[in-house]
Amino acid sequence: MSKKKSGRPIGKSDYNAELEQLQVELNQVARWLQQTGKRLLVLIEGRDTAGKGGVISAVADALPPRVCKTVALSKPSERESTQWYFQRYVPYLPSAGEIVLFDRSWYNRAGVEAVMGYCTPAQTALFLRQVPVFEKLLVDDGILLLKYWLTVDQALQEERFAERLTDPLKRWKLSPVDLQARDKYEAYGKARDRMLKVTHKPYAPWTLVNFNDQRRGRLTLVRHLLDQLPDTALPEAQIEFPMLSPPLKREHFTGPLKPIKSF
Amino acid sequence: MSKKKSGRPIGKSDYNAELEQLQVELNQVARWLQQTGKRLLVLIEGRDTAGKGGVISAVADALPPRVCKTVALSKPSERESTQWYFQRYVPYLPSAGEIVLFDRSWYNRAGVEAVMGYCTPAQTALFLRQVPVFEKLLVDDGILLLKYWLTVDQALQEERFAERLTDPLKRWKLSPVDLQARDKYEAYGKARDRMLKVTHKPYAPWTLVNFNDQRRGRLTLVRHLLDQLPDTALPEAQIEFPMLSPPLKREHFTGPLKPIKSF
Amino acid sequence: MSKKKSGRPIGKSDYNAELEQLQVELNQVARWLQQTGKRLLVLIEGRDTAGKGGVISAVADALPPRVCKTVALSKPSERESTQWYFQRYVPYLPSAGEIVLFDRSWYNRAGVEAVMGYCTPAQTALFLRQVPVFEKLLVDDGILLLKYWLTVDQALQEERFAERLTDPLKRWKLSPVDLQARDKYEAYGKARDRMLKVTHKPYAPWTLVNFNDQRRGRLTLVRHLLDQLPDTALPEAQIEFPMLSPPLKREHFTGPLKPIKSF
Amino acid sequence: MSKKKSGRPIGKSDYNAELEQLQVELNQVARWLQQTGKRLLVLIEGRDTAGKGGVISAVADALPPRVCKTVALSKPSERESTQWYFQRYVPYLPSAGEIVLFDRSWYNRAGVEAVMGYCTPAQTALFLRQVPVFEKLLVDDGILLLKYWLTVDQALQEERFAERLTDPLKRWKLSPVDLQARDKYEAYGKARDRMLKVTHKPYAPWTLVNFNDQRRGRLTLVRHLLDQLPDTALPEAQIEFPMLSPPLKREHFTGPLKPIKSF
């Protein structure tokens, strides 16, 4: 694959060409997972506006939905908030042959919840003690676990917030919490560093990816993800596709209903 | 909105401009649903390769995930197949403020299942008796129900199958059932016409949309969908967005982990 | 089966002997359901303290849990309360070979909810229009549907409330709603009669059972239930049960843990 | 509480009196859990026919169903069997104020699955490494965890199997696996001892209870369970229960439906 010079913005068509190449490889991964029964769990964390949703779509859109699942939990119900912290995440762990992408994850407790005061310091501390143990259970069970944290400078974050405010198609992405979080940029950074310090383990390492340029960030993350997996090229099943004998049919409607006038 | 001359292919940039306009209106619908608590249920049916997934993405990608949900059920488990036929669909019906888009729906029983022999003729007949009654229960409960059937001529269907076979990014869309269904084009049409005849009701009408040109089809369907709803323009909540005082921060890492080298 | 003279209290040992006989027949029903794949749905409604839970236990305790399931839904969540009224009940409908007993049911909307003002009169009216249609869908799908309403005079109801108040093992059965409902005995009766009038259908009839004497009530209800089903006696699978060669083993513990001292 | 002389069979009325006393205390525990939000998890393991179901009923029948939940999972689906082993159990862990009783549990993997060859030795070994870590996560999260193993000698086990074979009300309790397991009494004992050796931890101890006499076993287990909890007596909410002014009403039916003739 030809590398574009790092640091310069990457143009749309170059981006699309590179992404397509990566998506072809992702399809090989999907086939490999299905044939071997392996399970892949990917946590996507990072700052607001970094581009978590975008990179998840770049992966998921190219893959069979029965293979690749995205999980974005909303806030816990009152009942859930009294349960073992990991309880509401566990049902979404991958089964054989599946990729599961978490758009945010259990790390909320060391990030937004800690910074915004949605949990107590004791709860964050307990979480930070439990999470390496919990992840080791999963990895020892054979789950392939990859954890990504997307970085972005504050000036770019502000730009993207402003865009969400003015673009009617992005407005819904702007939540009240986002706005409260704007001037806590530094506190989020500190919370991240504390979290990295105790949860970056040989069996469950973090990878930081610069998303100041979102296109470049996506290509970087997906390339890295692919490089963590073994050579997964497996032959596709051959499909018989004999020519149909003409004439081919056109739509024909025996009842009164017809297609409406096209745009 | 300027109309493009019907019948001619619509260019990519024209398509994007028109779609964006529609997506802005869809966002107004989402706001209206949230504020009024109304529920919108949209069934997307149609031939293989017609473009069901594409039009669903065109709608869902522009909307908040907590508002707009897509449902694509896989085949029933053995246990489910002994239950009341509608039982496995009911849990996905919309709650207040939600749009639910079904990618295929309970109409499978009068379409693919009937044509491919996955159910008995008696089961299809029972379904066709029950479905108008079932849908009336939902509509009388206040659910807004829209049903679309996407049409496509066989020559175009063949083209799209061939593309799925050769394009590594579309290959996974090609299922063995698709291939068996290729030469049953006419049977599918007949099954559709029988289904339309008994399930096109004043309270739950079908709309047929020509998807020979998928871009045009998407614009047509979304425009139609928007036109079924009342004038939904509601004022957005005003959001305070005060300037942050400089200097804005850049990412800074206190630990050894740094972002990996960008692509 | 010998009949005890109606009207006089039935003694405990007579009751147990009769019940055991009925439970043997219930086991035949369970076997018949499993072998034929039929589905049985039983709604148990009636006044507070009538004895709904008791008769359900009398049936369920004698049957394999994989065959006989009890459903007692708590009050709907806020989200559920905006959904189609039947939506939260539908997931519990029986699969092949199952008996499902509802301890209260969708009829709440015409009973407690209507009397206590937990729903609007319009919601009750809509419910009363929908319920015969909904039940007909189930019955036409082949579900065997039985509906029981347990009657009790107010003096006995008061006695039982008083017992719940003083018996520490029954205290938890006494809810604040029960107490508010005490002086609404007549309103509950009227609500019941209105409900019977529009929901007692040939395909889904109600059966009223007098539970002033709870033992007699239970025997009456179960006898009636069994009489609604066809002759279900099917031969049991023969089981090989060869003698084990002695000596038989006693518990032996290789580690330090032993059973604790018995009571 | 008066103790009956250990070793001699305990009569039915003595048993009932003692059990009732214990059930009153269990109700205090339920109230304490509700008021403090604590969570209690009880695993009931032991040999076939030991009496797991009976002791669970003795506890659960006396308690509000919203407080006390019983979990008896059937065998995993094909999909579940590829997941993290604990995944299907985790959703049933207790929320605030709840008692959850597992009728068998994750320990299946070291018991029946290991002895009958339903899993590989490597899977059992992995389980035995993971289970203390998993349970410590729960206990550190504040869950009160009690683990009981019910013992029974083989002669009594044989007696109970024979009773299940001949008693039409117990016949359904006799599964083919039970019969295959009959002559593996010793292997089950060894599997238990291996399991105790590695999973009897200070934070999650096992308690063995002799169930050769089931009545005595039940009393012993429940007494022990109560003794593990702090003094939980909390005052009950006072309930106003004013006399209703006479005359009290009798059932009266305005429609044609009347209670059927009583048994």
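Chains here go by letter, A, B, C and D, matching the order in which they are written, and residues are numbered from 1 within each.
Throughout what follows, a contact is a pair of C-beta atoms (placed from the backbone, for glycine too) under 8 Å apart; a residue touches a chain by one contact, two chains touch by 3 or more.
No experiment lies behind these values; they were computed from the predicted model shown.
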item: Steps in the shortest chain-to-chain touch route ending at chain C and beginning at chain A; value: 2
item: Residue-number overlap at the chain C/chain D interface, same or different (half cut); value: same
item: Mean-CA-position distance for chain D and chain A (Å); value: 41
item: Whole-Å separation of chain centres (CA-atom averages), chain A against chain B; value: 23
item: Distance from chain D to chain B - Cα centre to Cα centre, in angstrom; value: 47
item: Set of chain C residues in contact with two or more other chains; value: none
item: Chain contact topology (line, ring, star, complete or other); value: ring
item: Chain B-facing residues of chain C, complex; value: 37, 39, 79-80, 82-87, 90-91, 93-97, 126, 129-130, 133-134, 136-138, 140-141, 143
item: For the chain A and chain B complex, residues of the former touching the latter; value: 3-4, 6-7, 10, 18, 20, 23-24, 27, 30, 62-67, 72, 74, 151-155, 158, 161-162, 165, 168-169, 171-174, 179, 182-183, 185-186, 189-190, 193, 196-197, 200, 206-210, 213, 216-217, 219-220, 223-224, 236, 239-241, 244, 248-255, 257-263
